[in-house]
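Several structures are given next for inspection.
Two complexes, one shared chain (subunit A), two partners (subunit B, subunit C).
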Partner chain A sequence: MKIKKGPSTIIFNIICYTLLVIGSIVCVVPFILIISGSFTDNATILLEGYSLLPRDFTLDAYKTIFKAPQDILQAYKMTFYYTILGTALGLMMITLTAYVISRKEFKYRNTISFLIYFTSIFGGGTIPWYLMYASVLGLKGSTIAIWFPALMSPFLVILMRTFMVGSVPDAITESAKIDGAGHVTIFLKIVMPVLGPGLATIGLFLALGYWNDWYRSSMFSTDSSTWELQFYLYDMLNATNALKQMSQNSSIPTSDLPTQAVKLAMAVVATGPVLLVYPFVQKYFVSGITVGAVKG
Partner chain B sequence: MKSVAKSRGKSRLACIEEIRMGKKLGVWIMIAVSAVSLLLTLPWLNWIQIVNADALYETLGVTEANLPMLKSAYNVFNVLSFVQYGNAGMIGLFAMIVLILAVVAVYFELALIIKVLRNKKSKKGDLGLYGTAEASMLFQIILIAVTIGFVIFSNSKFGMTGFILSPIVYLLLIFNIAGFAIVKKMQLTERALYHEHGLWKELKKNWVLFLMLVPAFIYFLINNYLPMIGVYYAFTNFNFRDGLWASPFVGLRNFEYLVKADLFRLTRNTVLYNIVFIALGNILPIIFAIFVSQVNIKWFKKTSQTLMFMPYFVSFVILKVIVYNVFEYEYGVINNLITSLGGEKIDFYNTPSYWPLLITIFYIWKNIGYNMVVYLATIMGIDAELYDAAKVDGANIFQQIRYITLPQLKPTFIILLLYALGSIMKGQFELFYQMVGNNGVLYNITDIIDTYVYRIATTQPLNIGLGTAAGLYQSVFGFILIVVVNWLVKRKNPEYALF
Partner chain C sequence: MKNGKKLLSLLLAGSMALSLAACGGDTTTTTSSDSSSQSSESSSAETDDAGSSEVDTSERVDLVFYVMGDAPVDEQAVEDALNEKLLEKVNATVDFQFSTWTDFQTKYSLELTSGTADLIYIANWLNFGQLANSGAFLELNDLLDTYGSDLKALVGEDALNQCSVDGQIYAVPNAWPEYVSAGIKYREDLRAQYDLPVPDSLENVESYLLGIKENMPGQGILTVTTEESQGTQTAFDAAWILNFKYPWVTQNGLDYGLAANYDTPQEVYDYWFSDDFVEDMKLMKKWADYGFWSKSALSDTNDSEAFKTGLCVAEIAGQNPSKYITAVSDCEDGGQGWEAGYIAYGETTGVIYPGHAQQNGTAIVRGCENPERAMMVLQLLMCDEEINKIVQYGIEGTHYEIDENGLYVNLSTDFGYEGFSTWNLRNGDIKLSSENDVLLNEMFDKLEAIGAETKWNNTDIYSGFVEDYEAYAAERTAVSQVMRQYLAPIQAGLVDDVDAAIEEFRTKVTEAGLETVRESYIEQWKAYCDSYGYK
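Our next item is the complex of A and B:
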């Protein structure tokens, strides 16, 4: 069935494509500014400001960063450690929990689901949470306090359950049970093999959360050896601001401070991996959001 | 109380009759126990008496001014006033737990009485009723046991006998234990009737599942449930010298201070920003999702979606870098543009009035892709035949959107709206903190509850009590909001209810 394009369709298409182009540009220009700024000579930035393409192309900023790379490599190493450990452990815990609350024959599944959901609508607040880790458990300065709090979330548990219910029909687990399979067998041999997309999606949500976190370092880290990458960047931005204000009326030389270009290069280094991987894993996030949206 | 097994051998009719009579008697016992417990727990009966008052006040170091506030006997509801005026912070948390248990016990007792009076039968017979009865008696027993523990604990903390328990409490304990035993027995009969079983049998049958839950149990206990006890700090003048559990109890003073100082401003900012975020954060993604769904060129569709989803993936620290470099005074992008056009530079970081707009813009920038995907998923699920039929009828594209797409998006929109309304007290902490940071000039118009609490938690001197009070206010208010919204929705249209 071919229908002639009416004038309204043409008008609509013009609006549609124009706004989509504008929207995409608005979303992407800030990244281009950062990247091009990081390749620009610092003096040029201070004199002429930013441009979409680097005007005086130079790698100075990156050279400065990697001249003394211990700190940044340490932050990188710690972030990889938190991300890998947290994602693996969290994924395991979320999957186990989701399996239990997806079992129809389990009498307390609704109670458990509610207890998990309840944590998302009521809580003790930030300070009791902080004191729990810092004072009661004495984990201030420990790396445990940085990866443990983000292992699970009600949203991810419920999302995983939705994936599970969707990919394993009841009939299959029922017949396996009749054949004498226990929960461990069903979980490992029937549920896990078909759970690939679910595992990928939830693992990526977890990994993204770990990679982008700065908050737990700001709360629990006592020295820079346990800092997350984003907090390292955050600290650098803040330190320069504070120092700059101080140096205005004292004699601290401003030349030792990270320059504008160095900060931008640092931002690129901290975000690079995410933006490089993003185009390839985007579809998992989309499917996760879609599954979550459909089932609420 | 005859069980099914015992009545075997008699005629079926007699058997049923016997169960019915037994049940009736059991229900009366349940009501009696609950009513008596309720009467004896409510504030007119004082469970705890103070002996050796003068010596006790001296040990605790009660000031002259507080003496008139102290009484000779307390009930489970007002014992916290003794903690406050009697300078007895070290038993404060325990007293708070007693109070919470008392409220829970009274709640279940009232619920049981109301349930029996309404006499509603469910699919599982009276099992629900027995469940409530069990809970009410169990909590009454726990309440009494904890109160006994509280008196012993307090006396050992005081180093002398200051509290004694009224004998009625022990009677009430025996009474409830007996009631509990009867309910248990009736529950067993009823369970056999409906092929239900209790926790113990479920544990034996599905122990693997319970084992699988252990990690989650530990996680949520440490991360969510144990910190809830910490809301107690909201009622104390917390200091590290007296430690976590012995700081002076000050009642509602933190809340009074909060109301006087910052509460209105914080609530106003949090709620207003959220309303704007909810409105624009749904309308713009709907518009763009419709656009994307109408695009026929595949690469264009994919690219625009990818690009608009990208900001969601970067951390808020990167957002800070962007905002700073765009709005900085000396060489920021905007000011450079202004200078090159011959205009006057704008000092964004010292002008609060720009920030509501800027924060909103960057909220949209960060989140538009995510919500767009949500709506796009719904649009993709719309039956294509609807559009074909509309095209045949000569509907143009605008009419198709108006009469097909938008109505089909309504359920998703409403669900997202409800979620958002329920969490209207929760702020976008990372967004605000990374955009504004510790820039005091902007606080008045950009401070939300979350940033306020974070500042208290990370800057000296720590005011734990005040910060916890602000957090508790946010939690309780948000919780009530969710429950009310959900209740209203459930009455109108159960499909949209959150739980």
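Our next item is the complex of A and C:
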């Protein structure tokens, strides 16, 4: 049956669509500018600014990048490595911790929950954090220092615990216990199966955190072959700015810095593959996020 | 049960990862304790035969040299070549570690806190003065006398004095006096074409700019913004041109509208409340009315390529001889018959000095376990021609070659000129020049001759001063805000009534606490001048 549209519905729809169109234009236009800029001759960008369609079409910027693509490919490889390893290990540790502190029969669960929660309010600050990894653990320059610090976060542990408590009623675990199941069986057979959406949400948080991180590379890497992709890009921009700034006071050659077009092309090369993958995994992202939101 | 095993193995794997991490920690602690025992041995050896400069170098020492910037591709190859020589001479190796340009200020202080480095790059823009004061670096006086006498002779007493605090030397500056004298970069071809005067004074700059404006309608004249005026000296870039009138209008000069002449640094006078200030601001207004810069100059973003792309015909802020050299080669590459010219403001005012010794230097980190060896290595890096060439230019034949004129020619992008960013190891006696440097050196010779005539003979007396504004940080911020809000439009000539605007600025800046700031600032400045004997 067709629902009859009153004038108010039509107006409402018009407003909605207009807002959505404006919203998507705001999102899409900058990206188009980046793509078109990456195909534009550098001198044209400097003289005439950016345009939606490339003027003076050229592939020079991409030629410059792909003359030596190994750096950017290496950064891609490392980011995948950190993301996959970090997300897998992180999920395991967070889920196990959350299970333990969600059990009522665990005597110290409140103390331990408090200790975990406490760190989310009072942190040690950058310097002790850095000294811990660099001097005490001696991880400076090691790839461990890049994935290890982000394995667990108090927020995610608590989110997971709440999710567990909410989706697995006590009665069920109790009945399993009466039937003779130990914690391992309860965790794997009863809790894990209903944890799907929770795992998706936490996994998404972890994976995004790893994918977007540049700070740990900045702090702990001593070798550019271990850099994360985001740091590789960020550092390229920073180097350009810093050298320009420094040449104020000092004779430092600045002629071989990347041009505007090359920077834009870098951005395209770095984000392109993610954009291509995104539509295929989007449905998981959406379900993960909404589940997290509802249960929170 | 089967699942239990799985879980157990997972946990085992996790704990193994943890123990791996812990192992990493173990190895470093052992090495560091090893090297500390080494250092106690070498220091005991040293006390045994006190007086002689021979050190027991039988134990190999691995040093870490922390430098700025990004690592070159061929870092390892060059380090290997370098360490071969260093092992032979002093039984030590150097591993260069790079800050990268991301967050480098934070990482630099962290590096000093965690103390993994032995030798470290220092500069005034990395707060050398404050760090030396707080004891981050080792005193080098004795080390230089005992292990670095050649180095001491190379650098010279004066330069070392500039890197010292209370008589203690904390850093060894590079040995290549570099002139970063600010000036005006202009289009020589246009000047010649329209027969305009060389812009070497305020009047001539005005006629040069006006001449181009009249002859080439539609041509952009200046692209000045607030980019180079973020400090507490000026608020708009066009004001730097006043350097032609007053030698103290430089990036190194005094803050808060105060001024002190180079010859009489202790006589501080008040510029913002003087009649000169009103007169100068009227000139700025006149220039703005001529249309030398855009009406939106105050909010424009800086375009560092403007000169190269022809959007302006002169640049007056943040310029230096090396930038002029870059412009010269850009003009040649452009192939449009453009020609760049450069006049350092000091050529007119007669006040010229090279960059301060604290600009590029090397310090030994306190906590370095083998300071003797670090000093010996530093001396070799700077004084030994063969070693200096490896560290600065890489491997001859692979990374660079020297052409028939004795000039540096790069052969590989994997290790460029000064590929380790070791500007602190420059040695003027053996430094290789590239083709562009020939012009630069000519300019430096000219500037050096002028600098030699000045009272302090080629010494930058300003830049060693480190302001400690902790006591008046709030007032300082307020003053800075008033400058952005009220001084910037005046200096940009974008006010209708200059006198009234200046009156308002003076009231506001006084209300912001200018007196407090100035009082404390002048006191600190005079104490600084006293301690270095600048009378």
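Keep in mind that, in the parts below, the second predicted complex is superposed on the first by the 211 of 296 C-alpha atoms of A that agree within 3 Å, B and C clash if a C-alpha of one lies under 4 Å from a C-alpha of the other, contacts with A are read in each partner's own complex, and residues count from 1 in each chain.
By our rule, contacts are C-beta pairs under 8 Å (C-beta built on N, C-alpha and C of every residue); 3 or more make two chains touch, one makes a residue touch a chain.
Computed from a predicted model, the values in this text were never measured in an experiment.
**Q** Figure out whether A:Leu276 sits in contact with subunit B (first) or subunit C (second), or with both, or with neither.
**A** The answer is neither, since A:Leu276 touches no partner chain.
**Q** Given the touch rule stated above, what does A:Leu139 touch, subunit B (first), subunit C (second), both, or neither?
**A** second
**Q** Does the superposition put A:Ala239 against subunit B (first), subunit C (second), both, or neither?
**A** The answer is second: A:Ala239 touches subunit C but not subunit B.
**Q** Just checking: does A:Ile127 make contact with subunit B only, subunit C only, both, or neither of them? Give me first, second, both or neither.
**A** In the superposed model, A:Ile127 contacts both subunit B and subunit C.
**Q** Considering only touches as defined above, state whether A:Leu19 meets subunit B (first), subunit C (second), both or neither.
**A** A:Leu19: touches subunit B, not subunit C.
**Q** Using the touch definition from the top, say if A:Leu53 reaches subunit B (first), subunit C (second), both or neither.
**A** neither
**Q** Is A:Ala43 touching the first partner subunit B, the second partner subunit C, both, or neither of them?
**A** After superposition on chain A, A:Ala43 lies in contact with subunit C alone.
**Q** Any idea whether subunit B or subunit C touches more of subunit A?
**A** B
**Q** Touch check for A:Ala171: first (subunit B), second (subunit C), both, or neither?
**A** Neither subunit B nor subunit C is touched by A:Ala171.
**Q** For A:Asp223, select first, second, both or neither according to whether it touches subunit B, subunit C, the two together, or no partner.
**A** A:Asp223 contacts subunit C only, not subunit B.
**Q** Of the residues on subunit A, which ones does subunit B touch that subunit C also touches?
**A** Comparing the two interfaces on subunit A, one with subunit B and one with subunit C, the shared residues are 46-47, 92-93, 96, 126-127, 130-131, 135-137, 148, 182, 184, 187, 214-215, 218-219, 231, 234, 238.
**Q** Quick check: in the complex, which residue numbers of subunit C touch subunit A?
**A** 3-4, 6-7, 10-11, 14, 17, 20-22, 24-29, 69-71, 97-98, 100-104, 106-107, 110, 113-116, 125, 178, 180, 228, 251, 303-305, 308-309, 311, 318, 320-323, 326, 329, 355, 359-360, 413, 416-417, 423, 440
**Q** Provide the residue numbers of subunit B that touch subunit A in the complex, in ascending order.
**A** So the residues of subunit B touching subunit A come out as 197, 199, 202, 206, 208-209, 212-213, 215-216, 219-220, 222-231, 233, 244, 287-288, 291-292, 294-295, 300, 303-304, 306-311, 313-318, 320-322, 324-326, 330-333, 335-337, 365, 368-370, 373-374, 377-378, 381, 388, 391-392, 396-398, 412, 415, 422, 430, 434, 437, 450, 453-454, 456-458, 464, 467-468, 470-472, 474-476, 478-479, 482, 498-499.
**Q** Across the complex, what residues on subunit A touch subunit B?
**A** 1, 3, 6, 8-9, 12-13, 16-17, 19-21, 23-24, 26-28, 30-31, 33-34, 37, 45-50, 92-93, 96-97, 99-100, 103, 105-108, 112, 114-117, 119, 121-132, 135-137, 148-149, 151-152, 157, 182-184, 187, 208, 211-215, 218-219, 230-231, 233-234, 237-238, 260, 263-264, 267, 270-271, 274-275, 278-279, 282, 285-286, 289-290, 293-294, 296
**Q** Can you check the complex and tell me which residues of subunit A touch subunit C?
**A** 43, 46-47, 89, 92-93, 96, 126-127, 130-131, 134-140, 142, 144, 148, 182, 184-185, 187-189, 214-215, 218-219, 222-224, 231, 234-235, 238-239, 241-244, 246-256
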